[in-house]
Amino acid sequence: MSEPLLTVRGLKVVFDGFHAIDGLDLTVERNEIRFLIGPNGAGKTTLVDAITGLVKPAAGSIVFEGNELVRRREHQIVRSGVGRTFQTPTVFEQLSVLENVDVAASFRLALPKLLRARRGTTPEVTAALEAVGLDALADAPAGTLSHGQRQWLEVAMVLCQGPRLLLLDEPVAGMTGEERTRTGELVQRIAGEGTTVLVIEHDMDFVRRFATRVTVMHEGRILTEGTVSEVQQDETVREVYLGRPRDARGAGTAEVVS
Amino acid sequence: MSAATAPVDATADGLRSDDLLRVEAVDGGHGSTAVLFGVSLGVPRNGLCCLMGRNGVGKSTVLQTIVGLLKARRGRVIFDGQDITKLRPYDRARAGIAFVPQGRDCFPQLTVMENMRVVQEARRDLPRSGIDDALDLFPRLKDLLDRPAGFLSGGQMQQLAIARALVTQPKLLLLDEPTEGIQPSIILEIEDAIAQLKRTAGLSILLVEQYVDFALRLAERYAVMDGGRVVDAGDTAGLEDGHVRRLLAV
Amino acid sequence: GCGSSSSESDAETSGSTASADAGGETIRVGILHSLSGTMAISEVTVRDSELLAIEEINRAGGVLGKQIEPVIEDGASDWPTFAEKAQKLISEDRVAATFGGWTSASRKAMLPVFESNRALLFYPVQYEGLEQSPYIFYSGATTNQQIIPGLEYLKEQGARSLFLVGSDYVFPRTANKEIKAWAEANDVEILGEEYTPLGHTEYGTLISKLQDARPDAVFNTLNGDSNVAFFKQLKGAGVTARDMPVMSVSVAEEEVAGIGPENVAGHPVAWNYYQTTDTPENRRFVEAFRARYGADRVTSDPMEAGYVQVHIWALAAEKAGSTDPEKVKEAARGLTFDAPEGRVRVDDVNQHLFKTARIGVVEPDGQIREVWASDGPIAPDPYLRTYDWAEGL
Amino acid sequence: MDVFLSQLFIGLSVASVLLLVALGLTFTFGQMNVINMAHGEFVMAGAYTVYVLQTSVFSASMATLAFGLALPLAFLVGGVLGLILEFTLIRRLHGRPLDTLLVTWGVSLILQQVARDIFGAPNVQVKAPPFLDGGITLAGVSMPYTRLFIIGLVVVALVAIWFYLSKLPAGRRMRAVVQNRDLASASGVRTPRVDRLTFFIGSGLAGVAGVAVTLLGSIGPTLGTNYIIDAFLVVIVGGLGQLRGAIIAAIALGVANAYLEYWTDASLAKAAVFGLIVVFLQFRPQGLVVTRRRGLA
Amino acid sequence: MSTLAKLFPARSGRAAFLVRFTLAAATLLLVAPALLNDFRLGLLARYLCLAIIAVGIGLAWGQGGMLVLGQGLFFGLGGYAMGMHMKLEEAAAQNLDVPDFMSWSGVESLPALWKPFESAAFAIAACVLIPMVVAALLGTLIFRQRVRGAYFAILSQAMAAAFVIVLIGQQGLTGGTNGLTNFQSFFGLRLADPADKRTLYLFVVAIFLGVFLIARQLVRSRYGKVLIACRDAEDRVRFLGYDPTLVKVVAYSAAAGMAGLAGALYVPVVGIMSPALLGVVPSIEMVIWVALGGRTVLAWAAAGAIIVSWARTDLSERFPSGWLYAQGALFILVIAFAPKGLAGVSEALQERIKTLWKRRTRTPEPAQERELEVVA
């Protein structure tokens, strides 16, 4: 029997006495597309921050492929196979789109190799750029990208690193329906190629279409876990998160064009 | 080709002489990068115009040009009958334009309360009750008043951004993807809030939104952008179902 | 005049590049002082008196029938810049001699330049001795013409213990090395020795150390701005000249004005010249200086030395009939001049001046009243060879 | 005499001077992110203000009046210089904090030369008002009135600034503009006016500091250079824009220096304090009082 | 015009670089010695030493975003290492136990710190390695704690200040404020001899060109991109699996090594090494050269050092008492109004010339072209 890819036990993150994550347990299996939803401020981003070393937990353990991540430094966590994007995309504005991805792809090179100039483009870089549809903009400075384009670029950057666990924080926020579909399909493809993906998202339509399993967070803990429809039927989830659709609007509350 | 100052055909529907805000054939962009080409659109008085389009077509750039953070290289921006093209952003704000930027902007080291107060105090003519009114629309912020805004979660910050804009009691509210990152139940509340503001406060709104249904439910007017141009615009009344969707799916 | 004179550069003659260019209409001399930076405070005044001397000489017909043309350069309170500018004056402007420097640090930086070019430097400030370059004329006092008389005076006044306070550079450190040797031979106890960086302004702790040690007197080799802070804060701490006299060797009229006379009044200083020195030459000098630069200006020892050294160079050149450095050096031996401070004579060997030592006390009006003077000029002894206690320094 | 207490007092008085110079920087550097190397020259301008008042406006017998008037006037002189600097140069340098350092460095060179050309290179003298002559002795520690006066001045300035920054709308506006200029502007805050006011106050405080330092040291064109680095270190150790941090840092640096200097000498003490700062930043890289932020800085 | 366009093509490809580099090298190695007199050639040698520092600063600051306001520290470490060796060589030649300045301060036997510098090999290695090691240590401490921006700038400045204070305070060991002066020879070259000075000049040029090539390779490499990434969003770089501390330390340390090398050359070229060259003021000036030339372009950073130093010499010769105005104004104008320095100015000029040229040769291009580019 295979052990889970990621096991979080008794995690606590405290800011000035405020418990943003309050004794959270979470298990993520290999090759799933796990969605994490929950009210604003539930602690979803903080959980990702804790897994990737950006915030230091007050207690608890985070085990990834048998290795404890707590107290490791950020870049070591990335090197052990965990990649992430940010809710507010950050890219290297002075570098071109291609260079952004290339820098990301070169992270395992030793210093002597890094000191050589880049000649041409490696296949993984090309593939990542094509996957997010930025190949046409490869030579544009990343600083000139729009909000949405930056999100794509971030995805390309983690993609080419071939992480075994990929954490996406609201990857489709601000995208049109068509773009959402493309992103969702991309996520499915990545998962198919052996990467486990944990997605934070508020777009329930997107969740419905692409989730294998959904975890709901509330006030720093796991509220419930299950399939999309199980979760959607849950009274508390409706109460604190989904809200009750009112007659006047019909069923779809925040439906995106698809 | 964009030498023609007259709005092109497609946008003629998006602009009326009695509109509160009239963007007339504006060219603009970031620094030396040209992004907008002859953009025209209007926001009706006490109405809502919804601006749609794929990533990177220039929606945010339009909004930033309207508030004056970016300069219009050509064309005019008329607000309430006054040409504001040359005004500085703060003077436009004082004229009654409020802006909720995309991507959760705030004063990170000021508390939630201070974020609102600083805006309210920026002008002598704003009553303190503006803050209470804004908080009534977003009651979840009441628990967070003393927290530095930079520590808020994405959704919390978005709520604060809208609340802060309302504190200025604007005539025109510019919302750049206000539902981005907000939990479904609150999106419903925001929708209610917008509808209510239109009704009771006589507010006009220019809304950039990806959720087409949400947008069209609220809007009287719509405009669709592509490649820095307005490619379709008009009234939502009598809009053939799926028309906009088709445009966006290009 | 910026020399783009590639024709002048004579690649054939290696070795000495200095060949004071006497062929022109005028004779050029270098004036090289700090016109900017910390030391500008002191050094611009010397430049002024040197220019005054040049004007006087020119009015009287110049040197060797030619007018003197000063080439002014800024040493910028930066020792390497002094070296660079000295080189420039020598190799591009072909000056007959250079008048310049104040701190010993600047002199040490310029020394190799003048030696390797066999060109002349006239240096106007009192210094620590233990140096004798064949290409430098020292017109300020060496140790035995200022510091030792200062020490003897304190001892005579009954001081049995001293505290040494100085800026952290070569002059105070070397001077204090000599002072300690002197003290040992004279049964005077040294209760402390403290250095502060040039430009230091916070003397609270040093003053409390003085108050703890309670010396009979303080020997002060601080240079520049620091004196102002030191004396103001000393007065603030309630220490008066009566409790603890501070003998200074770098506080002249110019510095007194900056410190504020009320803050130094009563403290002794040691020099060779004061504005109040009573000679006919000095009356003329002070009058000329004020006429030239304004009635509110004061004169001081280094200014006088600057003035004197220009005249000495001019006399030597006249005597030699040439501005060639070697001939000027030769002619300068034993030369005398009636300076504002009294008669001075160039030493035959070491190119220092015979100078009269004078101890003065600062008056509340900012002038310095002479309270003791040596019997006539003292022979310069930069290596203190005539003092037994100085053996092994 | 009790060394411990007397050095404590000396440390505090050193701290008070440092703090006075650094207070202006908490505005221009801490709030506006401008590394104003000409701040020291504003201090110098404040010092020359006293000199001009004493020599050209009032007779020597009115030293106290001249000194008293110098305080507000030096604030104005420093402030106006700051305004000019803001208006001509700083305005163009938003978002380029490191460039402000280099540009204002050029400004400081020029201001020093201006002072040299107006007042001459030699130091000038200022008379302390007679009521500041002497001092008191408490618990074996002699405290000159000049030092006590400066400490008092700092306390007054601190209270005023604290009130301004945390209680007055203008202070809030100032912080808002620093934190998000575009947003502030789009929210109706007249950002250029806020910038100018901030710079005016910060530079004005430098002028006041200039009046204070005439009581202790020399007044010359290079006066400012003596204080500038130490003052920046106070701001850094205290934490950017943190009043509380600056106070603690100034006291810590002043007192550490006083004790270290007592046991060693001025040079070593100074080098040791610099060393301690490097070590300190190992533990508190953002200074004593930290403004934390979420996510990526 | 067309040959000019060939020499300076728009895209700085490999060939273009080779052309430019060869031109610059030829100017320095052949033209300058032919045109300049000994004194001016000596000054140019000095400027080139400074240009080596500037190349390092261009790397650390321009590419890596570390505003190194304390390069005087490393310049000094290299300079003193070489100076100590030269002093000892001389003392040995004159049969003295200790160098001249030590006896002035009462030091009679050679301090242990000085002993290793009797070896030429040790001294040469030390000039570069000591600064690099010190930078690596300091850098690791500082960058690991994420001290950056203005904090780093002022901290590095304080380190230079502390170094100078220590140098001045230890007169017996270091020569104090005076520093080390009065050098006669450098590895057999007699410093007073014009022919030997020319040889020394050529040596400096060779080292300068070598250092420039090394720095250029660093910038062009992938490492160079990672360095830029660190400059623009250091925290983001962590989440790509790089340790920014290491990335920055490499550049910082390389810049320190270059400054050290420059210091080592400076001593024989100028004949003095003193704290006055290393403190806060000179260290800031070093950065100003780079800002003025153009911080992101190495060649312009080096040019900045040469131009500013030359301007300083020239202005101070022309206006001995007013040159500070000119220098200050130069700093202000260029940095405030030309943020990319002279590099930016030259770029803009080339751009202008190119459009003028195009306009004259071709029919005006349709205004659409640019728009389409953006929209596409």
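Letters A, B, C, D and E name the chains as they come in the text, with residue numbers starting at 1 for each one.
Keep in mind that, in the parts below, a contact is a pair of C-beta atoms (placed from the backbone, for glycine too) under 8 Å apart; a residue touches a chain by one contact, two chains touch by 3 or more.
Just so we're clear, the structure is a prediction, and the values are computed from it rather than from any experiment.
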item: Farthest chain relative to chain B (centres taken as mean CA coordinates); value: C
item: Distance-maximising chain from chain D - centres being C-alpha averages; value: A
item: Distance between the centres, which are taken as Cα means, of chain E and chain A, whole angstrom; value: 44
item: Separation of chain B from chain C, taking each centre as the mean of its C-alpha atoms, in whole Å; value: 75
item: Chain centre separation (chain C, chain D; CA means) in Å; value: 36
item: Chain A residues counted as touching two or more neighbouring chains; value: 45, 54, 86-88, 90
item: Overlap residues in chain B, where contacts from two or more other chains coincide; value: 33, 151
item: Two or more partner chains touched - positions in chain E; value: 165, 168-169, 233, 235-236, 324
item: Chain E to chain A touching residues, read off their complex; value: 217-218, 220-223, 225-226, 228-229, 231-233, 235-244, 250, 376
item: Contact footprint of chain E on chain A as seen in their complex; value: 52, 54, 73-75, 78-79, 83-84, 86, 90-95, 99-100, 102-104, 106-109, 111, 113-118, 136, 157, 161
item: Complex contact set, residues of chain B against chain A; value: 30, 33, 53-56, 60, 102-104, 140, 147, 151-156, 158-159, 177, 179-189, 210-214, 217, 244-245, 248-249
item: Footprint of chain E on chain C - complex, ascending; value: 2-3, 5-6, 8-9, 11, 14-15, 17, 35-36, 72-74, 76-80, 83-85, 87-88, 91-92, 103-105, 108-109, 111-113, 116, 130, 168-170, 173-174, 177, 195, 197-198
item: Footprint of chain D on chain B - complex, ascending; value: 67-69, 88-90, 92-94, 98-99, 101, 105-110, 114-115, 117-119, 121-123, 150-151, 164-165, 168
